[in-house]
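I've put the structures underneath this note.
First subunit A sits with subunit B, and in the next complex the same chain sits with subunit C.
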Partner chain A sequence: MIFVIGALTAGIIVLILLQTLAPVYRRRLTALVTFIVGLYWPLEFFYPEHNFLTPWRDSVAELGRILVAFTFGLGGVNLFLIHGRHIIRRTPNLLFSIVFFLGFFAMATAGMMKDFGQNWLEARPGPGQQGFWEASFNILFKGALLPLASTVFSLLAFFIASAAFRAFRARTLEAGLLMATSFLVMMANVPAGPWLTSFLPDEGILRWGRWENIVHWLMTQINTPAMRAILFGVWVGTIGAALRIWLSLERAFVSGP
Partner chain B sequence: MEHAKLLSIYTYLPWAIAAIIGAGIFMAQAGRSLHIRRLPAIDAIEEAVGRATEMGRPILFVPGLAGVDVPTFQAVAIAGHIARLAAAYRTRVLMPLSHPVIFTMAEQVLKEAYASAGAPDVFRPEDVRFLSDQQFAFASGVVGLMNRERIATAFFFGNFAAEALILAETGQTLGAIQIAGTPSTLQIPFFIAACDFTVIGEEYYAVTAYLTREPILLGSVWGQDLSRISLAVLVFVASLTYQMMPAGLKALFSFY
Partner chain C sequence: MEERREMWPRWGIYLLVALAITLPMVVPVKLRMIPTPPVKRFYEMVETIPKGKVLLIAADFDTGTEGENGPQAEAVIEHAMRRRIPILIIGSDLQGPELVQSYAEALAKKYDYRYGRDFVNLGFLPGGQPVLERLGRSIWQTKPTDFRGTPLAELPMMKTVTSAQDIGLVAEFTGAGLLPWYIQTFWAQFRVPIAQGCTGIIGPEQFPYLDSGQLSGLLTGLTGAAQYESLLKTEKRAYRRMIPQTFAHLTVIALIVAGNILLLMRMRRGRRVP
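Up next is the complex of A and B:
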């Protein structure tokens, strides 16, 4: 309770200061809050074993989740403003905005009534039966949203084919190597590839001629080290970028007009 | 959650890397000239912005699907620099988002970028929009936006998943010039196949330094490069030494 009141008070004070201070001090305050909040996690983790910061871990994580929940409201407001403007101004995109409002209110109503309105507008369903609101929610979520998401996902198959067509045109040595490797890997993943070299023995030097063994070598000795090398660079870069953000050195976030 | 262990090398490596990067920043601030190799993908950013201006069409910037994490913060920083370039030519930047925290941050960064470039009137609040936090709802929203606005240039910077190719192929169909950068290794091949330029691996974290040439950022990138080389040498030497050690001695080093 003390933690909640303390966090709320600190939040309100910081908000008031951010609204009233001159831009220079506002930037300094933002940098200071970023530094203090960012210091908690590395200190808690790198101080060995259970330490004086550990009991606060869940509360700090909870605070983060609450702040994110607040911003979801802002996301909703943004959607309402953009689509409301389309409807008021009767733009060519009016239809999409009407569909947005219909979808938003239908889903929100069904979702809330499923949990909170069962005793209000409908008879209590019997064992094994679905109530009106639960059925409405399932139709909208499982019957509409999930199939629509799967439909968009399925488009990927066509996009992969068109991207592969462009990528595999062997105009350079690199593109030629890429095409040859892709052919080997693709063939190894269908029965035809291993079947073509199935006459070769499983043991001895000749086993390296078997299609699946060639591809296994390519994936473990060429592909994996290359991927790890890229990841290696990425993670060192992440530490550098995290340091810049933590110390407010990345001016994109702290500079004003 | 576990804590760091006193006897593990992993406890000290991040601090060592942070110290090297910090030294780079200090040296750059002290006035030492630091060199970054040429990155063609980043050189092409200004050309891509110019192309959108010539065609009188907007630019699209997608900062990926992730929420509050370092790659997305980096993506928003890159968006700020691109918005400054676009503002100089009075070109709009559309920025669809999938996370509401990033939405509030991106709106502020773009607004300030346009203001600092002297074109606050070009910035429209509706150009930075939250679409959905659902992966494919977001993807279909962005595809719709790309088609309706007939974008001339698309930038994809951030963490991407399966939607990467859907977005990049739509841009390809529209004839947009596309530049992508992602730390998601699984999506790099898709971007290479579908985009004109792709920033890969650690180059992703060098974009803002390369664009602005600010000493602090250049120093940080220099420190990252030195850390990477040092780590590679450490891995190589440690592996070789471990292999050549007698079995009895190996046991001593097996704690981590």
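Up next is the complex of A and C:
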């Protein structure tokens, strides 16, 4: 606990000191820290096993976890500032901001009390029973958040159906090929396709006429090389982007947009 | 004005999709699931986890993709429980471990699994690939407590589970592209096989890994989960959800055909095609 409080205090002091620095020095310091931290993993990885950097692996991994925790805090602060502003200024989005605060505190309270508050705020529930906080958490998480998130995701079905009707037209040979392939894949992703060819045997040459085998061939022989090429391009691009960030060539990263 | 009149009203399409999804929930329909090779390979991998090793469930999904990843994880957990394989749960997403814990708890009663003895949840594991690499080297040092804050020393299952050497299979469930993290750590460094359950939308991205052997099995979307259930000879959430999805797919196909017929008719009349 002492270490946690100490680290938090030190972190806050460093942040305050950073804010007092002139922007030009702050940028240089950010660039320097980024370069040093970014240098660690390539060096550790490309050097033979158990080099002088290896003992620091755990500490660097731990640092990553702490930074992620800080980003959650930063996200929370940002949300509070944005929604707090809406409430103070009574903007047209006032209602949404109130809902945000209610949802945030209700979920945070139920989530924390479920795990840590049972022992001192309520009697321990019997076997097969739920305590007040656990029931509250389940109502909020499984009863509200889960169906809400699934509903938002499910709305895609309606948009996809509408878009498919309006835009998926076989105007050219390529579009026709794409349509034929998508028809095969869509049918294979539901039991209807494989059922249509289920009369064919599982073995022998005729098995290649079964819907699921046709689509498996398409996915492994046509899709895979194309996807491999795309992924190759994506990862080369990612290395380029990482290099730009590491060397602070990405100006927005060190000095804002 | 004429184009607007000719255009299929958007609400009509929405209504059609809504009917295609809801009607099969009311009217009983039976469908036969036929497992595909990647699903059979996943099943075989769980079937061949050596005794004494655990199944690591990486719950890298949230409530948004629970509709697909949830039934996948549930089916795999049930399979592991049938074989009495201990289960270790982690997650690179905040909500995933909580969701998987609820599936494991629901199935635990049926298979006499007890928390701490037969399954353990380490909870959310932030930090990405470096933390997974550390976890592979030492589970106890990376996460000394479970998701409730209980020290691992107090959980009997964890006495024999200390590093990647004690893991027989990593089963990752996700709607995001986190697979390279696991391949570069568990597969490349520790030689632990990996199988994945992913959402339908990212399914095609995973096939190169399946082809290279870095991925030992793949469940794509809800259909992957339903096919896995058919291998387990059960008809649970995935199978029930597959029926409306089948009709939704057929509706979309019908709409595409209708759209193209409309296009042909317009072309024959010599009208401008939008």
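We adopt the following convention: the second predicted complex is superposed on the first by the 187 of 257 C-alpha atoms of A that agree within 3 Å, B and C clash if a C-alpha of one lies under 4 Å from a C-alpha of the other, contacts with A are read in each partner's own complex, and residues count from 1 in each chain.
What we mean here is this: contacts are C-beta pairs under 8 Å (C-beta built on N, C-alpha and C of every residue); 3 or more make two chains touch, one makes a residue touch a chain.
Since the model is a prediction, treat every value here as computed from it, not as a measurement.
Q: Under the stated touch criterion, which partner chain does A:99 make contact with: subunit B (first), subunit C (second), both, or neither?
A: neither
Q: What is the contact status of A:227 with respect to subunit B (first) and subunit C (second): first, second, both, or neither?
A: After superposition on chain A, A:227 lies in contact with both partners, subunit B and subunit C.
Q: Once the structures are superposed on A, label A:177 by its partner contacts, choosing first (subunit B), second (subunit C), both or neither.
A: neither
Q: Check whether A:68 is in contact with subunit B, with subunit C, with both or with neither, and answer first, second, both or neither.
A: both
Q: One more residue to check, A:186. First (subunit B), second (subunit C), both or neither?
A: The answer is second: A:186 touches subunit C but not subunit B.
Q: If we overlay the two complexes on their shared chain A, which of subunit B and subunit C does A:15 touch? Say first, second, both or neither.
A: neither
Q: With both complexes overlaid on chain A, does A:149 touch subunit B (first), subunit C (second), both or neither?
A: It touches subunit B and subunit C both.
Q: May I ask you to decide whether A:160 touches subunit B, subunit C, both, or neither, giving the answer as first, second, both or neither?
A: Both subunit B and subunit C are touched by A:160.
Q: In the superposed arrangement, does A:32 touch subunit B (first), subunit C (second), both or neither?
A: The answer is neither, since A:32 touches no partner chain.
Q: Between subunit B and subunit C, which residues of subunit A are contacted by each of them?
A: Dual-contact residues (subunit A): 57, 68, 145, 148-150, 152-153, 160, 162, 164, 166, 227, 231.
Q: Under the stated contact criterion, what part of subunit C meets subunit A in this complex?
A: So the residues of subunit C touching subunit A come out as 8, 10, 13-14, 16-18, 21, 31-34, 36-38, 62-67, 95, 98-99, 102, 125-128, 130-131, 133-134, 141-142, 148-149, 200, 204-205, 207-208, 210-211, 220-221, 223, 226, 242, 245-246, 248-253, 255-256, 258-260, 263, 273.
Q: Considering only the defined contacts, which subunit B positions touch subunit A in the complex?
A: 1, 3-6, 11, 14-15, 17-18, 21-22, 25, 67-68, 70-71, 73-74, 76-81, 100-101, 103-105, 109, 112-113, 115-116, 120, 125-126, 129-131, 133-137, 139-140, 144, 148, 162, 165-166, 168-169, 172, 183, 185, 188, 190, 192-194, 200-202, 204-206, 208, 212, 214, 216-217, 220-221, 223-224, 227-228, 231-232
Q: Quick check on the complex: what are the subunit A residues that touch subunit B?
A: Against subunit B, subunit A makes touches at 44-51, 54, 57, 67-68, 71-75, 78-79, 81-82, 85, 93, 96, 145, 148-150, 152-153, 155-156, 159-160, 162-164, 166-167, 227, 229-234, 236-245, 249-253, 255-257.
Q: Mind pulling up the subunit A residues that touch subunit C in the complex?
A: Contact set of subunit A toward subunit C: 41, 57-58, 60-62, 64-65, 68-69, 115-116, 141-142, 145-146, 148-150, 152-154, 157-158, 160-162, 164-166, 168-171, 179, 183, 186-192, 194-195, 198, 212, 215-216, 219-220, 223-224, 227-228, 231.
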